[in-house]
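Structure first, commentary second.
A, B, C and D label the chains in the order they appear, each numbered from 1.
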Amino acid sequence: MPPVAEQALAVRADFPIFARRFGERPLVYLDSGATSQKPQVVIDALSAHLSSHNANVHRGVYPLAQEADAAFEAARERIAAFTGGEARTTIFTKNATEAINLVARSWGAAQLGPGDAVLITQMEHHANLVPWQQVCRERGAELRYLEVDEHGELSLQALDSELARGDVRLVAFTHVSNVLGTINPVAEISARARAAGAITLIDGAQAVPQMPVDIARAGADFYVWTGHKALGPTGIGVLHGRRELLESMEPFLTGGDMIASVGLQETTWNELPFKFEAGTPPIAEAVALAAAVDYLGALGMERVRDHERALTEQMLARLGEVPGLRVVGPPAGRERGALASFTVEGMHPHDVAELLGREGVCVRAGHHCAQPLMRCLGVSATARASLGVYNDESDVEALIGALQSGRAVFGL
Amino acid sequence: MPPVAEQALAVRADFPIFARRFGERPLVYLDSGATSQKPQVVIDALSAHLSSHNANVHRGVYPLAQEADAAFEAARERIAAFTGGEARTTIFTKNATEAINLVARSWGAAQLGPGDAVLITQMEHHANLVPWQQVCRERGAELRYLEVDEHGELSLQALDSELARGDVRLVAFTHVSNVLGTINPVAEISARARAAGAITLIDGAQAVPQMPVDIARAGADFYVWTGHKALGPTGIGVLHGRRELLESMEPFLTGGDMIASVGLQETTWNELPFKFEAGTPPIAEAVALAAAVDYLGALGMERVRDHERALTEQMLARLGEVPGLRVVGPPAGRERGALASFTVEGMHPHDVAELLGREGVCVRAGHHCAQPLMRCLGVSATARASLGVYNDESDVEALIGALQSGRAVFGL
Amino acid sequence: MDDLYRDYILEHYKRPQNFGELDPHDLEALEHNPLCGDELGVHIRVEGDRIEDLRFHGHGCAISQAAASIASEELKGMALSDVGQLDADWMIDLLGIPVSATRRKCALLNLKVVRGAVTGDNAWPS
Amino acid sequence: MDDLYRDYILEHYKRPQNFGELDPHDLEALEHNPLCGDELGVHIRVEGDRIEDLRFHGHGCAISQAAASIASEELKGMALSDVGQLDADWMIDLLGIPVSATRRKCALLNLKVVRGAVTGDNAWPS
């Protein structure tokens, strides 16, 4: 592994927020798992679109509308290609959460019934949990959970026994856990699910920003991610779906743009991807997200992964030196995403985050939208430091320093 | 009426897009009904937020997250106040279409059944039509249409007879028609519906950008609008709901942020407005939309309405001089929104829009997402010129000039 | 002279060839242009494995009407198996004008309808 | 000295007063802090129209635990009708530290729970 972590992979000056000072202190941003910071090129793409190419899409004949159309559909191509997808089966939603709701409602509500089961994992974000709870309850289907072991990992054997029960119609699981950092063996899980006749949905919200993702290789029928965690703006999420499935599904949201023909009592649907995009889409957001994936692509996702892997190891090693600090998730040495969730004995995670925040060190505290997982871990909250392409060694050192002074405030 | 139309109400230089040239020609933007152009202050608010205050909202303890939280919730206050609403009952969606789907699914799917009717009008945009079609079909309820008369207006008498049938549970109607320009008597319609025990949803997508709107005075139980038509960015819509109704409704999208507590099989919901905002909301978009309503508020919505009324009259008068041109909707002299939809004999609306577009004049052609209305009007498409705060007399003259030369191309 | 609205285009638009209904007919199809809701239908009479006669009906812009009119003459007498091979370039070339991305749907609507009637494939050209 | 984490706050956090269960009890309530999932419950024993005794249970940050601990002494002996009148300022003043908007929910969680147990109003303070 190259010793890349001393320096950030991206030029930090590309990200205007790092010009901020909090008091005298620079920004030590360790909350990319919640949302990423944005490079200037992304902000510029957004501004430039709104300043110079703004019109509504899909119906305009005049040149400005054609520019907007071309920009929007070119953005879709670039965004689709970033994870090896096709434009036609790449649907824009408002965030990852809406993408999962779309599948739960459009596929799930039509396909699930009594005797059927949906299998998710104990490490799911609420976004990939509550929609399945809802649809299973409504349809009389069963929602079952694949356990997380003491290393914060899933067991393929447990998966096999669940699948062997013969009732699993869909397996929904996260690519990278936003709490544990676990990187799930997505291709293996998908392949086993498929062999058992179940379809799969992968929540790639954490994965897409930090590692090369190829949706074909991941083998999922549905793969979702979200713009704002991948250097893009808020207001846009992405759903990749297998074409036959998308073709066979009824639309989720209905209204303008997603129709072929509307009668008083009946409507026919537009072709993909428009069938699933009701109303004015996130036009400027798509253009900006395309700039974000171009930026990531130029860094090279293999290099991003190498960088974050190295920096994460460094962070885990240094955190291990802090007395009373316990990291959850895969132990050192195992493949792991770019974050560390931890507890500090004698300090509540909120207080940890508060004290770190005063030193400009931004970490998240709480249940990280994964309450069932927290209960498995036997904690109500953790603090979480998560990394992005702009982080380097100095951020890890600032984290450790702030943790030490925080402990001192608490007399620890 | 003050002779304000000679000049645009807003300083055109506030809108960077008007620096564009198409060939030698300036931009004559007459498509605000599809989406508005954005003032620099809105673009700047978006950039500034992403450049300097970006963090995820609702859970962050560190100062940057508190800034993002404060900015987002302050934006909600300002946006709510713009139409006389309260922050707690003002829900952000991705667009007006999602807001209507939310009500159709969350209220409609729970409340409607056989023997119930939903009453909409023949002038609805597909956004306020297809969701009702879907939910009525699924629930075995009836979808009925209030007719549009030869002036492009609704009849309150016809409304009364519909309501007298005693089965109408909800009346959904547009505030201002995006095709006819008709301004509906929303307070009267709401009052009659309420007296008959029906709830109301008003589609304010066209109204909010062009006239003072007070949701209490409009009397609606639900009032929806969309950011991108009101000088704001794409990716954000607004739903105002009556508190008791929103409290009693189940959430629509589920996931993070909208929960109080998540168990393996059961979940309890967060308080309003968060119960209806699943996942990361349109944070930067809300901040930008707040800047947009501040900008409109500074112009003064009464003055906006006066300006657009005057300019519309001027446009109607000049269009009346073009041979073979027929305007649909309320005849001159009647109260009317800031647009004119028309056909030109011997030229298809697409060709009209194409030829106008070459002269830098941007109008929309097609069914304007209102196919049932088009059938009533006996046309398959119209061309539509719609106005915004940046338009003035010169735009109307450019439209007329381009229409004349377009007719010449067609040998008319 | 106008690039798009050439004289022959306008001529075909104003006086289209082979417009109307054809009864009886052997094949038919109807499509909407989702851009604008315009509708175009075709009736085809088959003799052996060839299009013996055809008529278009519906309404649309100058581009879509001219395309239907111009193509109609070429289509008459064509082998059904050849119709399935016709592609967008064939139609655009035949039309002989530069067509923008937005108006492409207008230009291809008639071929979409004819292909649909002959091959049953409604997905073309996407 | 730290503004927020004053000595007495940390003292209350580390050795909270009136924490635990109270059985039997007359009133009880349990609330989550939606910010983090922390849980705080209360058991109240009533004598006449007054709180005779109470105990908090659950877990939370220094602010929420110290607030519960500090308030518990004030609440004992208070008339039930007065509890319904207690407002956010009362609690914040009692706590005696500057509370940011984000941490306000932590500071007010115990009062929310107690009000809920006594008045049945779960909506406070929103």
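Some points to look at:
We adopt the following convention: a residue touches a chain if its C-beta (ideal position, glycine included) is under 8 Å from a C-beta of that chain, and two chains touch if they have at least 3 such contacts.
The model shown is predicted, which means the values in this text are computed figures rather than measured ones.
With respect to chain C, maximal separation of chain centres occurs for D (centres as means of Cα atoms). Counting C-beta pairs in contact, the pair that comes out ahead of the other among B-C and B-D is B-C. Here the CA centre of chain A is 31 Å from the CA centre of chain B. The mean-CA centres of chain B and chain C are about 37 angstrom from one another, to the nearest whole unit. If you average the Cα atoms of chain C and of chain D, the two centres end up 76 Å apart. Distance between chain B and chain D, defined via averaged C-alpha coordinates, is recorded as 46 Å.
Residues of chain D in contact with at least two other chains: 35-37, 103. Residue positions 59-61, 65, 259, 261, 350, 354, 365-366, 371 of chain A are each in touch with at least two other chains.
Contact topology of the protein chains: irregular, matching none of line, ring, star or complete. In this structure, the chains touch in the following pairs: A-B, A-C, A-D, B-C, B-D. Note for the complex: chain C touches chain A at residues 32, 34-37, 100-103, 123, 126.
Chain D contributes residues 2, 4-5, 10, 14, 35-39, 59-63, 65, 103, 106 to its touches with chain A in the complex. Of all residues in chain A, only 346-351, 354-355, 365-367, 371, 374, 380-381, 409-411 touch chain D in the complex they form. Every residue of chain B that touches chain D in the complex is listed here, in rising order: 58-61, 65-66, 69-70, 88, 259-261, 270-271. Of all residues in chain A, only 16-17, 20, 22, 27, 29, 31, 34-35, 37-38, 40, 42-43, 46-47, 50-52, 54-56, 59-65, 93-98, 100-101, 125-131, 133-134, 137, 143, 145, 226, 228, 233-237, 253-257, 259, 261-267, 278-285, 350, 353-354, 356-358, 361-366, 369, 371-372 touch chain B in the complex they form.
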